[in-house]
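Heads up, there are several structures right after this.
Below, subunit A partners subunit B and then partners subunit C, in two separate complexes.
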Partner chain A sequence: MNRLARGLILPVLLLLAWEFGVGLMVEPGQAPLPSRVAAAGLGLLRSGDLPWGIAQSLGRVFSGFLVASMIAIPIGLVMGASRAVERNLDPLVESFRPIAAIAILPLAILWFGTGTPAALFIVAYAAFFPLIINTIAGVKRVDRRLVDAARTMGVGRVTILRTVIVPGALPQIGVGLRLALGVAWTAIIAAELAVGAKSGGGGSGGIGQMMFVFYAYSIELNSIVVCMLAVGLVALLLDRGLRAALSHAMPWGRA
Partner chain B sequence: MSAVKLRLENVGKSFTLADKTTTVAVQDFTLDIRAGEFLVIVGPSGCGKTTILNLLAGLEIASTGRMTIDDRIIAGPGAERGVMFQDYALFPWRNVRGNVEFGLRFGPAGAGLSVADREERVRATIELVGLTGAENKYPHQLSGGMRQRVALARLIANEPGVLLMDEPLAALDAQTRLILQDELLRIWGQDRDAPSRRTVVFITHAIDEAVFLADRVAVMTTNPGRLKQLIEIDLPRPRGDATRAAPRFHALTQQIWALIRAEAFRATIT
Partner chain C sequence: MRAPPALRSVGVYLRTMLVFMLAWHLVSALVGNRILLPAPLVVAEAFWRLALAGELLEHATISIARMLLAVCLATMVALPFGVLMGLYRWAEELVDPIVELLRPISGIAWIPLALFLFGIGHALPVYIMFYAALFPILLGTIAGVRGVERRLIDASRTMGVPMTRIVGHVVLPAATPSILVSLRLGVASAWTSVIAAELVGAPSGLGYAIQWYRDMLVTPRMMSFIAMVGVSGFICDAGLRWLQRRLTPWAPMRAVLA
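== the complex of A and B ==
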């Protein structure tokens, strides 16, 4: 309790300085104020706009994340297990990897329009790379002796993949999942902002688009800050949740 | 004279290191291991004992010479040759029970066993090595000695015809070690007649352990690894505490120690 109180002193002082310092120096409306951010946040919560925006964005993140996992993890497993496959696919993966998710947005909008499919495509694209790279690394890091042990028990190749390689690579795949979920969330906000710009504030929804509307139409700085905080908080909760799920799935691990 | 189970003919194994130089781990190794024999390999560290075991397991392929099991060329691993690894090689994501049942669930050793039979064999094997009560623990929660017992249980649960064991009792305390030496002889079949025994190739650095367990002790020499001498252990079976007290036991121990003393000293100093 004492430590908590001491830890709060500086943030509270900064917030107070912000509240009164900014209020004195800048015209209202030019800069967000803590009190107004709090009021705007409450308003957005009560109206249901913020929860609904977050829910829409999360829905896209989870579906895109799932699609990416279903593609990247199997391919990563095969690439990690087979030199030949890796040699053939690695150049392809590595040549797309430097292209940021947001850079393929024009293509996504052309192909899929400004709705959910485009957002999903961006998210899946962004999540794909950390997943596949960590899956490959995970497979390669599986202790050779464990594979040997299974072979000396006469266990077949496919069964070894399922019973030794996959669980052995799981901690590293878990790292990939965490990174992927992080970039997926980042990507969805960026995609919604951009899609919002293209569609003129209409349609697709999500927290990113909410921010765009506050920026482009009503110029509500405080609400934009509310959205920023919400984005950060959701990212934190996502990672904590995934970490808890992973350590539950790997009771042997020090994940 | 019983049949030959494992035959090594002029077997050699060399490794190419990262700097492109080649080391010879094993050279010109010839040995017939009889069916039902308990063969123990001793020698100073670095003499290629583990390499011999990996070759027999089929995990490494000989550079020269040939190896057979029941007159068939050894081309890879097989369930009839069970291995207990020096570093245990336990599956960290499986608890004690999960490790012990692995070969029975996923390998041919459990074919034809009902689930109930399998569970009973796993339970009995865990009890045999003294791990009852630890079934749900994961390897990282166990001491070195307990891990070694899990590895031993995982091997013997599969009941392979040939047991290849790399210092299987090294991490145990002295008392447990003596108990498991007795158990090992029982599992091997010292109370049965010779044809129904399993074949064991056992690596150890403990000479008294070698003499207590073995039908024959193969003494290896280092640089390169070669067979130096084969010593028949003519102690009567079944063996037990009386064996350990017998003058002949000590005489054989001294004889083997004399063979490797010089090299063991050299290995310690350099």
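== the complex of A and C ==
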């Protein structure tokens, strides 16, 4: 209780300062105030715009994330298990990893247009690297002796992969999944924002697009703040949800 | 006789990239559209021309300078707060809720609001990168300070050393490895958001150049600048890794798995 009370001091003080301080200093017109933000948030919730935008963005994040997992995890498993494959593929991974997903966005728009496929491509690209790197690291962290023991007993390679390496690497893969989901959510916001900015608000939808429309067309600062809070809230829920699911699915891991 | 390991890994790198370029060349020949997918040699030529003209370096320098400024500012804010929050429970209990409230809101989500606050120019990307770098550095500093052996601090206090000198001589040196790792994470996070910020709201920098040549449909040049994003990001991280080896040679080099 004491900890909770102390934790609340600063946020409440800041909110009060924001509500009354800004109101005193700036012309009252459009300046975002906590009370107005709350009102705008209620309005957006009631009209269904905000839930629909979030749903659209989430749909893209999950599909892109799924595509990335289906490519990155198998390749990562093979790279982690075989030194030769890793040596030969690592240059490709390391060459593309420093290129931020957003930098690829103009290329993606060129190839796929401003709709959902471009956004999917960006999300999958962004999620790919944390996934593959953590999968490789996870496989390498598997206890060598377990693999050797299984081989001594004449277990086949595929069975070893399935029953020794994958379960041993799963906790680290879980870390990769969490990182990738966070990165994917950031990337979709950026992609939708930039698509909105560069296609003149062409209808691709999603919460990033909503923010851009509020910025460029209807100029509603309060609604922008609502969207920012929604972005943060969804990020938090995604991370907590995935963490809970992972620790439920593999109690032996430290995810 | 086999070549030394360093040379051999360069050889493997070149071989892999050569195969990649060949595949790219074949696909671009199949597509047969210079705007959609130019051949690798065409892109290489554009890269070379842009490098000679100084354009690549100019935009990369602008982006990197912004990034360095933002990361310096973020470090200046994060270090004192991190040390306080790592050392004193009350400081952590006061500030942590704010951090946990703001941290999930990615720097990129700030772009529309920041466009209002700062307009198009230098301030916008610097602010976005400051915000993106702040949280990794802060959390790394807190973890590093927490990891300092308590007995060292207690011993110095017993001997009557004032707290400010303890921070300078005991806490900060012991926390440096963790702070440097978090600095690398902060730079990586800032570098991801700079392109987004410049794409939307800056009249210069790598993100702007990519967007400019995309609007002009000069794909080879656009790809050159995309490659430059990777090169610059790699150079920045290499610089930080060098710093890690120089400043904290005793710390194990942990790979950053983000």
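Methods note: the second predicted complex is superposed on the first by the 246 of 255 C-alpha atoms of A that agree within 3 Å, B and C clash if a C-alpha of one lies under 4 Å from a C-alpha of the other, contacts with A are read in each partner's own complex, and residues count from 1 in each chain.
In the analysis below, a contact is a pair of C-beta atoms (placed from the backbone, for glycine too) under 8 Å apart; a residue touches a chain by one contact, two chains touch by 3 or more.
Source: prediction; values computed, not measured.
Participant: Between subunit B (first) and subunit C (second), which does A:R151 come into contact with in this model arrangement: first, second, both, or neither?
Facilitator: first
Participant: Looking at subunit A, which partner touches more of its residues: subunit C or subunit B?
Facilitator: Counting contacted residues of subunit A, the larger count belongs to C.
Participant: May I ask you to decide whether A:W252 touches subunit B, subunit C, both, or neither, giving the answer as first, second, both or neither?
Facilitator: A:W252 contacts subunit B only, not subunit C.
Participant: Tell me which partner A:P167 touches in the superposition: subunit B (first), subunit C (second), both or neither.
Facilitator: first
Participant: Examine A:S63 and indicate which partner it touches, taking first as subunit B and second as subunit C; both and neither are also allowed.
Facilitator: It touches nothing on subunit B or subunit C.
Participant: Quick one: in the complex, what on subunit B touches subunit A?
Facilitator: 57-59, 76-83, 85, 87, 89, 91-95, 102-103, 106-109, 138-140, 158
Participant: Can you list the residues on subunit A that touch subunit B in the complex?
Facilitator: 143, 145-146, 148-155, 159, 163-164, 167-168, 170, 250-254
Participant: Could you pull out which subunit A residues touch subunit C in their complex?
Facilitator: So the residues of subunit A touching subunit C come out as 3, 6-11, 14, 87-92, 95-107, 109-111, 130, 133-134, 137, 175-176, 179, 185-186, 189-190, 193-194, 197-198, 211-212, 214-215, 221, 224-225, 227-229, 231-233, 235-236, 239.
Participant: Name, in rising order, each residue of subunit C that touches subunit A in their complex.
Facilitator: 9, 12-13, 15-17, 20, 35-36, 90, 93-98, 101-106, 108-113, 115-116, 191-196, 199-200, 206-207, 210-211, 214-215, 219, 222-223, 225-227, 229-234, 237, 255, 257-258
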